[in-house]
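Structures are listed in the sections that come next.
Consider the two complexes below, in which chain A is the common component and chain B and chain C are the respective partners.
Coming up: the complex of A and B.
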């Protein structure tokens, strides 16, 4: 298994994606604070977060095919890769004016719902079983509920509370991703069945 | 809101150190596909977290299916499971392991090693089942998807280069993306089916099955990894070409699509069977690419006929110029591969592989005759009123025959070619010599 030698540790990958998701959240938060008119004054800024989402989707494909310790994980990573690509592509198309049908605005909430379901399905332990199970449950629930914000924005694009909530979904997901694979040897597992703390 | 967010962050950060959900294999001894000079006394599997060993948690099978492991135990605070092994003779062996992960899930896997001989890939492990009808269908869908992708891009660049009406450009992008995304999804399904065939686990356990040996130690696994990554890149390039209206991006997408088709050739019969060489792999690749360009090109021609009447004549003539080149490559490479894989002419009617090949050849002849009519009869008469409007049905028929040819190609890829008498004798002798 020589390929294993070049694969980065799982926690590093989580941190990289956490950074990307945090940038995404900060972009959306800035847009929500200053308003779409000010944000879109520079044309490139319209493409910033859709482009970042698209890029994150592309980067998830190597994770899908290189982290194959279980079928469930491979499928979950594959789902995230594809919905991020879809959400990014649809948002880029809308930003560029090439996709005009209002239904394309539903791509982002769809991606969030599917991602949330994927988090919940691939984590089959209860909330307080271990740190990672808590993180997975939290991410799943936040994405499922958070999907309502872009859904609301599809009908009322200038509703500031929804825009702020939408941005905060990504900030929370970034925090979960940073914490989910923290290797610091603090505390133990909550559930005795989780075994001895490791790494 | 901010207070809640800060509280959530604190709760998450205060939770205990990580668990990876369920245990993942880190290493094994012998390692996957390792060739040993001396038989091992013990087989061990190391995990990234503690596990519990099942009775018969590690089973070591010889080629006849005799189980050789005993004395199961855990070591290193439960991170390692091991089993003693009765004395092994020269030959290939299969290790099937299963452990209870700390999170309560049973994790499973399979790998092979050889004592004095090369180890077979995990997909050929003892107990693995061969390609099923489902795999034939999945392989066919993969070919059809690749045909839409490669044929669509080839048609756009080689037959209808230049600006197109936006409606047709949009349809071309949709067809090509359906091909690319379809190939991606079907590729995943094909990989999982092959792994399931080797792991031999019920669905619930298969969800926690270790796929690493298949992804890294088999030709089809490496082809899956490479093809998935290239397909993702192709999807991005096709989308960006449409978004930015930069047709130049389609060229790298076309090049990558052709390159990724080689994954199938490098992991198929042409890479491992009798007579396999660089030439056989190149011939297989050229055969596949020409078939995809031809069948997918026909599908794209149909799209043009249905959505842009003003371009019917130009596209028909353009494709008629490209088709003879594709057919020449298809026939030359196909003949070479047939000669290579069949041991004698009567294999065509005495073996299952030969019979499928015979039906495929008949369909290819029918498709060529159909194409010949289009080329030699229809093309000189294109100016006749109403002829172009009647062509879509005929094109759909030719494309349907092309798709049927791809189905038989899929069956052939999953079937084993006939074995030469000398090879069969050698195999029989090897089996008899095995313990």
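Coming up: the complex of A and C.
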């Protein structure tokens, strides 16, 4: 019981990640608006969004250990943690000029595709089972489709529509995470097996 | 107006629009958080803290959104605008 009191409800963890993801989205959106030349003029700003991605990947490991209820759930969170670390580390290396091969720019779309697949695979309930299920499906689809934006940026780094689309993917994911509840209806639907809804 | 002057004026207007967008991002985010708090005041448990546990008092999602907007507007946007204007000059 002590452990239960120490560990926050999982919806709170979603909100904390949503906060980080929202900040990441705003940084990427500002970078898309002013262009990489302006954004990258200050070294700390150059490392801001890759560093934030890396930090979110690190924070995903305790989530994997403390908040997963099945093997599939744990594997999905472990995969997220690893691909977020990969995307953050590769982007940090590119920002520092230490990684020069253009293929390193594919780490971000790879991370988004893998994250999207993980969302869809580990959510075993249908879309309208509960709000959490809907959120997982929604996030999976958004990440799979949204992964096309950084893929386009890997070939055309200064293509503004793709950069804006890439940033908005994170804003949408933040909204989905903020909307997450442990047990709550979605569009008036809540499967009786999901349990009793709370606020 | 000569073509060169018109082109320069158009370019300056577009660059100004970029600055306006970056300057608006923080306040829009803050506004979103405020609207959320007004629509769902029970999400801000600090308004009625009686009987709430630690995590419910710590987790205030509309305030998090407002915090992100404030952080972006005061910590990140000013430097971006300064660099943008220097580049435009």
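In this section, the second predicted complex is superposed on the first by the 176 of 199 C-alpha atoms of A that agree within 3 Å, B and C clash if a C-alpha of one lies under 4 Å from a C-alpha of the other, contacts with A are read in each partner's own complex, and residues count from 1 in each chain.
Basically, a residue touches a chain if its C-beta (ideal position, glycine included) is under 8 Å from a C-beta of that chain, and two chains touch if they have at least 3 such contacts.
Predicted model only: the values in this text are computed from it and were never measured.
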| item | value |
| --- | --- |
| Which of chain B and chain C A:29 touches, first, second, both or neither | second |
| Which superposed partner A:18 touches (first chain B, second chain C, both, neither) | second |
| Which superposed partner A:106 touches (first chain B, second chain C, both, neither) | neither |
| Chain B versus chain C as contact partner of A:148, first or second or both or neither | neither |
| Partner chain in contact with A:8 - chain B first, chain C second, else both or neither | second |
| Superposed model, chain A: greater residue contact from chain B or chain C | B |
| Which of chain B and chain C A:98 touches, first, second, both or neither | first |
| Touching partner for A:64 - first (chain B), second (chain C), both, neither | first |
| Touched partner set for A:72, first chain B, second chain C, both or neither | first |
| On chain A, the residue positions that both chain B and chain C contact, one per complex | 199 |
| Residues of chain C defined as touching chain A within the complex | 18, 21-22, 25-26, 29, 42, 53, 55, 58-59, 61, 64-65, 67-68, 71-72, 76-77, 79-80, 83-84, 87 |
| Chain A contact footprint on chain B (complex, rising order) | 1, 5, 8-9, 12-22, 24-25, 31-32, 48-50, 77-79, 102-105, 107, 188, 192, 195, 206-217, 224-225, 228-229, 232-233, 235-236, 239, 242-243 |
| Of all residues in chain A, those that touch chain B in their complex | 1-4, 10-11, 54, 58, 61-62, 64-66, 68-75, 78, 81, 85, 89, 92-93, 96, 98, 122-125, 129-136, 138, 164-165, 168, 171-172, 175-176, 179-190, 193-199 |
| Interfacial residue positions of chain A with respect to chain C in the complex | 5, 8-9, 12, 15-16, 18-19, 22-23, 26-27, 29-30, 33-34, 37-39, 41-42, 45, 48, 178, 199 |
